[in-house]
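One structure is given below, represented as structure tokens, and several questions about it will come after.
Chain nomenclature is as follows: A, B, C and D, assigned in order of appearance, with residue numbering initiated at 1 for each chain independently.
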Amino acid sequence: MSLLTVEGLSKSFKGLRAVDDVSFEVEQGAILGIIGPNGAGKTTAFNLIAGAIKPDAGTVTLDGKDITGHPPHKIAAAGMARTFQLMRPFYSMDVLQNVTVAVLAGGASEKSARDQAAGIIERIGLSQWRDSPTEGLPTAALKRLELARALAIKPRVLLLDEVLAGLVPAEREPVLGLLEELRTQDGVTLVFVEHIMAAVMRLSDSVLVLNLGQVLTQGSPQEVTSDPRVIEAYLGEEPSA
Amino acid sequence: MTSQPMVADQETRTPTPSAWWARLPWLRIGIVLAAVVAAIVLAYLRSGSTVVVTQAVVTGILIGGVYGLVAMGLTLIFGVLDIVNFAHGSFLAIALFLSYYLVAGMGMHPYLALLIVLPAMFLLGALVQRFVLAGAMGKPLENQLLITLGISLVIENSLLLFFGANPRSVSLPGDQGVAILGAVAELSRILAFVGALVLAGLLFLLLRRTSLGTAIRAVAANDAGAQMVGIDTRWIYMLTFAIGTACAGAAGVLVAPLVTIEPVTGALFNIIAFVVVVLGGMGNVVGALLGGLVVGLAEQLGALLLPGQSPLLVVFIVFVLVLLLRPQGLFGRSGS
Amino acid sequence: MTTTTQPAAATKALPKLPWSRHLLVTAVLAVVLIPLPMLLDPAAEAVAIRVLLFAIMSISWNIMSGFGGLFSFGHAAFFGIGAYSTAWLQVEKGVSPWIGMAVGVVIAALFALVMGVLALRYKLKGAYFALVTLAFAEMLRLWATNSDLVNRAVGYHVPLRPEESWWWMQFAPDSANYFFIALGLMILGLLVSILFLRSRAGQFALAARDDDEASAALGIPVVRYKVLTMMVSAALMATAGTLYLQYYLFIDPDLAFGSAMSIQAILPAVIGGVATIWGPVIGAVVLGPLTDITATLLRNPPPFLDFLAGRGGLDVVVYGILLVIIILVLPKGIYGALRDRWSRR
Amino acid sequence: MLEVKGLSAGYHHLQILHELDLEVHEGEIVALVGANGAGKTTTLKTLSGLVRPTAGSITFGGDQAVGVRPSELVARGLVQVPEGRALFGPLTVEENLRMGLWTRRKEARASADLEEVFELFPILLERRKQLAETLSGGQQQMLAIGRALMTRPKLLMLDEPSTGLSPKLTWTVLDAVKTIRDRGVAVLLVEQNAAQALNLADRAYVLESGSIVLSGTGKELATDERVRKAYLGL
């Protein structure tokens, strides 16, 4: 049975169907990439799964347990962490404190939390900024901080919302390596929204394409990128006349 | 971040003519009216006297009009500048003292004082916005709250410092009781109500019918959009604050014959104005007028419903209920 | 922008946490201040007690509004609950103010619980939340003003006792004991803030203040910790109510629940530095003596201020001006600005 | 008419644009295409004065445009139709359009422009009394463009006018862009809908990670394999 199952997920805002009957499954240890043009409903879908907003219809099941519409903190406690597309550090804290809070939220003892946090920071490659305030950190570091904090609660499923956006190509590579390592070493299941196709191609076992709130297609990276409907959704329709 | 288009892409909608009154939430107004009627019936059952209830309703509506005018200024400032102005009542207090000195000191007719107080308060508002508040525009809400709190402390206590705590009063020549609808109301109260309605109407026309008013509403609706058509929003902010302050000033002149004039009088109006603004929906100018009437009635009927308690207690109970159940206000638009 | 991480800094030792330093300063403060009454004349001692009272109130406000990010405009509600619980139990039932203080603390915390659950359940934020706190305080004020249960607008005078008594928390007007009690409560307040912030709950509260969605996404039950923060703050504020009552021996609804009291809780923290441990204390030291300075000034005004002789209000005018200037020029308060300067060096 | 050199910009700690060069000449449609997050919207915001550049220069009609208030730039003829449209929702269609006259409210013939906009988008005439927020997405886009035209722009910058529109409506809007160009207004068109934008444009730039990686005529780029790569990473 799949670790994460999403079925018939739908949400409308003021009559606009932002997410329309979206279904997919992710196996334990798999990596699912979600792509789609602007306004396709990717972030909304994430928010629905992570409980930030309640769906109009559909179910989300994590490891056999129905978590549809549960508040976000319960979903996180059930083993699903997420990152935010626009980085949302705790601005009054430095990097170490940010991760320490997350470790505490994951249930660690107050005594060991800081050491564990320091360990995660080193692993994520943030050591250089460990004691820096979050204000003024470069994008690359903030993106990693999002990741470090999410990992600190030891999730089974990690939802990543554009962790590569805003990074220059050279900065992407180490993050990709890290994500691969998370799967192979930690067995974390990844669901990620991404625009950078090279990354999607390289990481994903399977790619889900959303367009106008609906699932356009799902398949292997090669299948998806050679699908004319996908190209059309991205490049736009050629004028017929 | 991807922005959501405001509405779905449907081309099948039929155009609907939409004058402003067609957009009022009539259902909720109906519910509020029903609540008012229920309160009146209850008040009648408790007091057992039609005269007492009629008197309460008339007094409530009359003072409610003035509350509405005070709150219109406050809500306008909130809608456009996004500032919760804790100093609004203090501006009203300044106007009270100004009219006291114009009337008692210079022998001016209480309502003629408007001609001086209105422009003076307008100017004061503009200066305060330009030189104090402008520095905090776009800062966190707390900072703006605290700045206006500081301004109110300065104003209220300067009044105390210079004029002392002795209560003063302004009397209207020829003020007497007038019988209306089976109740009696002082002429000054009726004139204050009428004056408030006239000024509220003028403000409404300014906002609806002039291009300046449209620009003010445009800034309230979307200040980025306003900049993109070339509106200098800084100027609109200053002007709006000045207009809002002038509303408080006008209300001050109108109520001067009705209240004891003390430095703390402003604080009372301030708190009532907040209640009215929340009731009417923050930023909703028409809602503020309706909210004023509701609060005026709640205050008067509340005195009958909970005898022995302060009439304001009922006002606050209504306030907290509205804040908790419908923070966007009784007359605000649904959703969002 | 750097493109790769540098492993050079990899295994630095973890930086020391500030808590032990804060606790040490608190201890030093306690020790240094204990002999103070011996050095002060009675008038100066009264000022010192006012400073301590301000500090306690503002430490409390700072816990909820600074660290918790829940802007309270009605902190007088908790103050008044403390003062009134003590007064009622003492005057009507003959119960010691110490017990009254404990009862006040519990009731204030429960009041905060109800208020917090209501306001946060309905997701009130910012100005709306501030207005709810104001409304709750005003409702208490109006209720007390008109309720026979608590002596209506008259309020309570604490009956004078023939002899000094710790049990009744009553001493000669210039007794140093008031100072010691006030000092003890302030030190308690500081300990509460420091230990709370150090705890798991306090860290969660800070995280929830900074970003409640991100906190929830980490599994932190945001509302629970926000309400808890409010309760801690309310409990501390209630002790200030008891202290006030026992020192001034009088309370009425306007004093206890009026917005002036709420404002006195806000000002020191804002002037000293919101969301810092020491800001409220520093702000109280700045503001506490102002009332006396201005009163002295107006008792014997310089010639050009002659017409103001004997008038009140100048102190609050100065508060107001200070408040505006601080917000515009030093939005982080005195302590915040100093700390930034030190750390930049 | 618009000349941008070495432009860098970002939000607080986040640098988004890296030394951008681009120009728009009179009477041409220039397209700026690129994937999501490439920095297209930030470019427009910087050009219209909403974001302050950290480095580089912008000149418009020969005058320095960095550090000038957005409202002043509008008066000079540099006008943006932002993504999300920034309409005045609770105002009517006509009020929205008339607000476009703000900088020229003292000119006598200003309201004749209203007729021109209605001619371009007849649907707006039909709905002139309707509130902007009750319009459909396509109508809102037309209204946003119409409002911008009322200011008499010399250069009109459109941010993703096709977002949320059906293909058919997108063409209605893009057709209007051509008409606008033919009336003598230069257009800078930012689009993720690359194929359509490139076909329409006289010249185009491809933006990737905040830098311009390709430029050329619209026709050239429309058939360029590298454009596909920038979008799909193929």
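Convention: a residue touches a chain if its C-beta (ideal position, glycine included) is under 8 Å from a C-beta of that chain, and two chains touch if they have at least 3 such contacts.
Computed from a predicted structure; not experimentally measured.
Novice: So which has more C-beta pairs touching, A-D or B-D?
Specialist: B-D
Novice: Using mean Cα positions as chain centres, tell me which chain lies farthest from chain D.
Specialist: Relative to chain D, the chain with the farthest C-alpha centre is C.
Novice: Averaging over Cα atoms per chain, report the distance between chain C and chain D in Å.
Specialist: 53
Novice: When the centre of a chain is set as the mean of its C-alpha atoms, what distance in Å lies between chain B and chain D?
Specialist: Inter-chain centre distance comes to 41 Å.
Novice: For chain A and chain B, what's the span in angstrom between their mean Cα positions?
Specialist: Computed from C-alpha means, the inter-chain centre distance equals 47 Å.
Novice: Find the geometric centre of each of chain A and chain D from their Cα atoms only, then give the gap between the two centres in Å, rounded to an integer.
Specialist: 32
Novice: Mark out which residues of chain A touch at least two other chains, giving numbers and ranges.
Specialist: Each of 16, 38-39, 138-139, 168 in chain A touches at least two other chains.
Novice: Which chain C residues reach two or more other chains?
Specialist: In chain C, 1 touch at least two other chains.
Novice: Identify all positions of chain D at which a residue touches two or more other chains, and write them in rising order.
Specialist: In chain D, the residues touching two or more other chains are 15, 36, 163-164.
Novice: Where on chain D is chain A touching in the complex?
Specialist: Checking each residue of chain D against chain A gives 12-16, 18, 35-37, 160, 162-164, 167, 170-171, 191-197, 199, 209-210, 228, 231-234.
Novice: What residues of chain A sit close enough to touch chain D in their complex?
Specialist: Against chain D, chain A makes touches at 16, 37-39, 135-139, 142, 162, 165-169, 195-201, 225, 230-231, 234-239.
Novice: If you look only at chain B, which of its residues touch chain D in the complex?
Specialist: On the chain B side, the touching residues are 2-11, 13, 15-18, 23, 211, 214-215, 217-218, 221-222, 224-233.
Novice: Quick check: in the complex, which residue numbers of chain A touch chain C?
Specialist: 50, 52, 71-74, 76-77, 81-82, 84, 88-93, 96-97, 100-102, 104-106, 110, 114-115, 118, 122, 125-128, 130-131, 138-140, 149-150, 152-153, 168, 170-171, 174
Novice: Hey, which residues of chain C end up touching chain A in the complex?
Specialist: So the residues of chain C touching chain A come out as 1-12, 14-15, 17, 199-200, 203-204, 206-207, 209-211, 213-222, 275.
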